[in-house]
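Structure incoming, see below.
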Amino acid sequence: MTTALDSPPLDLVLDDIVRNHRPRTEEGSVPAGIPHLSSPPFSRFGIAVATSAGDVFSAGDADVPFSIQSISKVFTLALALSADDPGALWSRVLREPSGTSFNSLVQLEVEHGIPRNPFINSGALVVTDHLMEGFPDAAGHLLRFLSREAGRRIGGQGPFIDEDAAKSELANSSRNLALAHFLKDFGNLRRPAQAVVENYVRQCSIMMTCVETAKAALFLAQDGRGAQGTVVSRSEAKRISSIMLTCGMYDAAGEFAYRVGLPGKSGVGGGILAIVPGEGAICVWSPRLDSKGNSLAGTAALADLADRTGWSVF
Amino acid sequence: MTTALDSPPLDLVLDDIVRNHRPRTEEGSVPAGIPHLSSPPFSRFGIAVATSAGDVFSAGDADVPFSIQSISKVFTLALALSADDPGALWSRVLREPSGTSFNSLVQLEVEHGIPRNPFINSGALVVTDHLMEGFPDAAGHLLRFLSREAGRRIGGQGPFIDEDAAKSELANSSRNLALAHFLKDFGNLRRPAQAVVENYVRQCSIMMTCVETAKAALFLAQDGRGAQGTVVSRSEAKRISSIMLTCGMYDAAGEFAYRVGLPGKSGVGGGILAIVPGEGAICVWSPRLDSKGNSLAGTAALADLADRTGWSVF
Amino acid sequence: MTTALDSPPLDLVLDDIVRNHRPRTEEGSVPAGIPHLSSPPFSRFGIAVATSAGDVFSAGDADVPFSIQSISKVFTLALALSADDPGALWSRVLREPSGTSFNSLVQLEVEHGIPRNPFINSGALVVTDHLMEGFPDAAGHLLRFLSREAGRRIGGQGPFIDEDAAKSELANSSRNLALAHFLKDFGNLRRPAQAVVENYVRQCSIMMTCVETAKAALFLAQDGRGAQGTVVSRSEAKRISSIMLTCGMYDAAGEFAYRVGLPGKSGVGGGILAIVPGEGAICVWSPRLDSKGNSLAGTAALADLADRTGWSVF
Amino acid sequence: MTTALDSPPLDLVLDDIVRNHRPRTEEGSVPAGIPHLSSPPFSRFGIAVATSAGDVFSAGDADVPFSIQSISKVFTLALALSADDPGALWSRVLREPSGTSFNSLVQLEVEHGIPRNPFINSGALVVTDHLMEGFPDAAGHLLRFLSREAGRRIGGQGPFIDEDAAKSELANSSRNLALAHFLKDFGNLRRPAQAVVENYVRQCSIMMTCVETAKAALFLAQDGRGAQGTVVSRSEAKRISSIMLTCGMYDAAGEFAYRVGLPGKSGVGGGILAIVPGEGAICVWSPRLDSKGNSLAGTAALADLADRTGWSVF
């Protein structure tokens, strides 16, 4: 995989992408019932690329913290795999796409409590529960990992948990509590349902910037090697990327694979993380969502960036 | 994407792969109730690679014709896209993974007759129906395309339809007829159900060798350009590959993406087609299947080949 | 079960019910896409009661033939049970409510081709197929039975098949053909799918009057004994009534059991058959339907009649 | 509905039924994972009939308390209806059969949190939640009602809650907690999930004898009038009976309607309550269950009793 010849320097490309994709009018939606996710202005738009060569390029609101939400699932999965024999986790969660969200519940029943993959909510709860075996304060453990990998800019705040947001989301976690109790009923949850959901919600409430997110995820483009050493094995890094490609974008994984052609993971906070194997990690953020729950401007920007750079796994 | 440095020549690698992966004992299963698919000896094993440089490497039973079955769906999709405005087809079938086969039926109901993707049976029936608009003899049209792209070896027979097998499968096509009538009920089938299923079954009954299959699919590794000119646009070639990666291996797409890391499409005849974007097309064949319906030895061989060559999209 | 003391004679009650329930304004709906079912004027309303004492009371349009549609399922079931060892049929179809129509398809899959009960379409197809073992012309056999039991009024036409309607419905039978092929795939259909659906559609296209329908069904109120001798055993008569009570009114069986309190079976032609065990059979007809597919005025009239007479199984 | 002529007195019939149906060998199963339900010897068998004439007949272990489990749902429903405008409850729960238990979960999703009927677990949780509006200690309220209606025999203990059993079941209530949180997510639960499940479990843990259960349920055979006055309106009494007939025996409602022909409600403690409209209430108890979760000997005994007495709604 190589960058197209004669392409302009990446920083100019990113500036141009911000110019073209920063929303000028209010389009798209925000998640219902989560006040703190609807507060960022619709015109927010940031993008950052951390490369294997050690460079970080960024443009727009790339240093504004946003709620990473489900992007956290990628990192929690990596930590759960690194904390334990990976096989132990993979006996509790599958690695296959789940179809529609409607079906994910049916499938949990049909497949006797083994979630289809680590990125649907039931799967993420199992992963969190698994990580809690070694690290009961899973959210704190995740935060320390992200802070270490993201580094700290002078004057920067670094990743943090928005505790008010976490409390507010926890009060609206009936569906996740239901899933956790179902998993418990099937014998696939070890810790108390309430404790697992709390950790899960606090992980989702982590605030990070595009720059920090791209840096923290760089290990996935580098065979598992992060800033501070090996995070996961080469083999598990490859597996995480393949799960991102097949299951990372809710019910639009196929469409994203086609339009962008990179392993990606989105969050309802408007962030999207994408991996260019061997090259680097990209994070884009813009808060308004399309009908599938993925950042509207973020998806368009990544498609544009992939076209301009030739970055694609296909 | 580059071949690993200092790797041995590809023909030696393929010979070695045949040595290591040709089944020595009878393991795996054959499809129930399809006599002609259970007739090839379990020890059959062939592999071929057609490269963008114009070379064809092969080993084992790479010149023995086998029933391509669902691998035909890749080619029918390409022809349906090339025969018409691609958008017209994509309004009739989605591009997303379908979860378990159990759910594919439910999803057809939930999504009002729009199949989840072109590789599940309901989707393939819609694609065949679409191709029949321009080419009522869709199976014959497909056969001519494959023959042209595969070329003809001196003394070789070239692709052909096993008409006896087709007749026998047609007599056992109750489920496909059911799906076709459902699609008709939802208004998503234009031709008579019986005619569409007949064409579908005859496409699946095409007999080809590994060498022919790899050559015929080379356009997917070459931005849509085949031996005789453009088959599909660069954009649609990329899309077909992304659908192969997310939906090509029945309920083991995620596992295949991880173990092999290449877009693939398998058939219950024991064949698997894999694409190395920019590099070439691979076809492996061994008739015994794993529990998900994919060639047991074929999957292992592709994983081995990907490891040795470094071919992977991740 | 006794008629309330001091209640007025039944003929006066029926006259009053016609006065109160014959629709004066156009309300309710007609089945989409079945032209001949939407042709009767909305103001049509007939009611008839055939009693064990041998009397027949009727009022309104009780001598106007209407399309019995799914009411035919009751009679076909009785004939299939009388033609064969009942156990043979009950191994092919269950006797339990099916939940929503959405689930009936899923349940067919989950329960491996054994329909939940004889009154959902898949179950009725199995019953028809079963009857065809002894009577390949199942619809003709049913018609002869109905004519015999209903008797013939002087100058009356008697039950007949509306062949034009049958042809038109057959041309719109994709969903029933789909169900038949699914049943075939599961090994639960012996005759060709097309032939079974044809017989099924012709049974549904039988035209009868309220008077004829009530008389033909009287055996169900008389321990299985009809006008010309035993139709089914006492035990099977009881079973048919119990299936009517739990499964006879589409997704409103519970509501009908409460409002009317009698075993009933409705058809989308606007007819409803109800059984008063030990007392008699009632048929009401009015063509406009409620949201569940049951006659709007017919259901209200039966509730009223049950209130006035004290007829109820509860 | 009348008792067959020349039939022997009811007390002799019940004695005979105990002789014929009391299990002599261990057959059937006990609920997995609920220790206190598997403790009664398999040979336990009791039966009681409370009549509208004011008599109580009983035989066998009719004075041994057993865990009423889901039979409690009938009483809780009646109390919830009597505590409030019935329409308020019926807007929160439907009155239709649910198909298989597998589907009940799917249907909860499809029907947006409105359970199919008050006797599936999700429905019973909604009913409990509804009753808690007026009576936060719903289980205590239910116990007082049962004690009052059942009367107190000299030396008898009367209904009581097995608090140890309740605690043990509460510790295994993951599925009910999951359902409660789902209902909450859909906005159809007002009280905290934990509190509702606690009340529900304590209601199920009520211990009563056959004699007490029959007496407490007599109001359902008497147009809603109990020992101490009106419990529910005539109309609601009829409705409860109709829901029992269509939904009272788990996935064997149709079979029970045919074999017994009476509205019934069973519990996994081995009890079955049946109503003979206008005549009386029957309770039978024997702890071993059939594959659908209904008392094996109890069902057979009720079928026998219905045959001998002619009691049947059909």
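Per-chain residue numbering starts at 1, and chain names A, B, C and D are given in the order in which the chains are listed.
We adopt the following convention: a contact is a pair of C-beta atoms (placed from the backbone, for glycine too) under 8 Å apart; a residue touches a chain by one contact, two chains touch by 3 or more.
Source: prediction; values computed, not measured.
Q: Supply the minimal count of touching-chain steps required to go from subunit A to subunit C.
A: The distance in steps between these two chains is 2.
Q: If I list every residue number at the interface of subunit A and subunit B, are over half of them used by both copies, so same, or under half, so different?
A: same
Q: Just give me the whole-number Å value for how far the CA centre of subunit A lies from that of subunit B.
A: Centre separation, subunit A to subunit B: 32 Å.
Q: Round to the nearest whole Å and give the separation of the Cα centres of subunit B and subunit D.
A: Distance between chain centres: 56 Å.
Q: Centre to centre, by mean C-alpha position, how many angstrom separate subunit B and subunit C?
A: Chain centroid spacing, subunit B to subunit C, equals 49 Å.
Q: Can you pull out the residues of subunit D that are in contact with at least two other chains?
A: 102, 106
Q: Following the definition at the start, I'd like every touching pair of chains, please.
A: Pairs flagged as touching, ordered by label: A-B, A-D, B-C, C-D.
Q: Can you list the subunit A residues touching subunit B in their complex?
A: Going through subunit A, the ones touching subunit B are 1, 94-100, 102-103, 106-107, 110-111, 116-117, 238-239, 241-243, 245-247, 251-255, 257-258, 261, 263, 277, 312-314.
Q: Of all residues in subunit A, which touch subunit D in the complex?
A: Touching subunit D from subunit A are residues 102, 105-106, 109, 174-175, 177-182, 184-185, 193.
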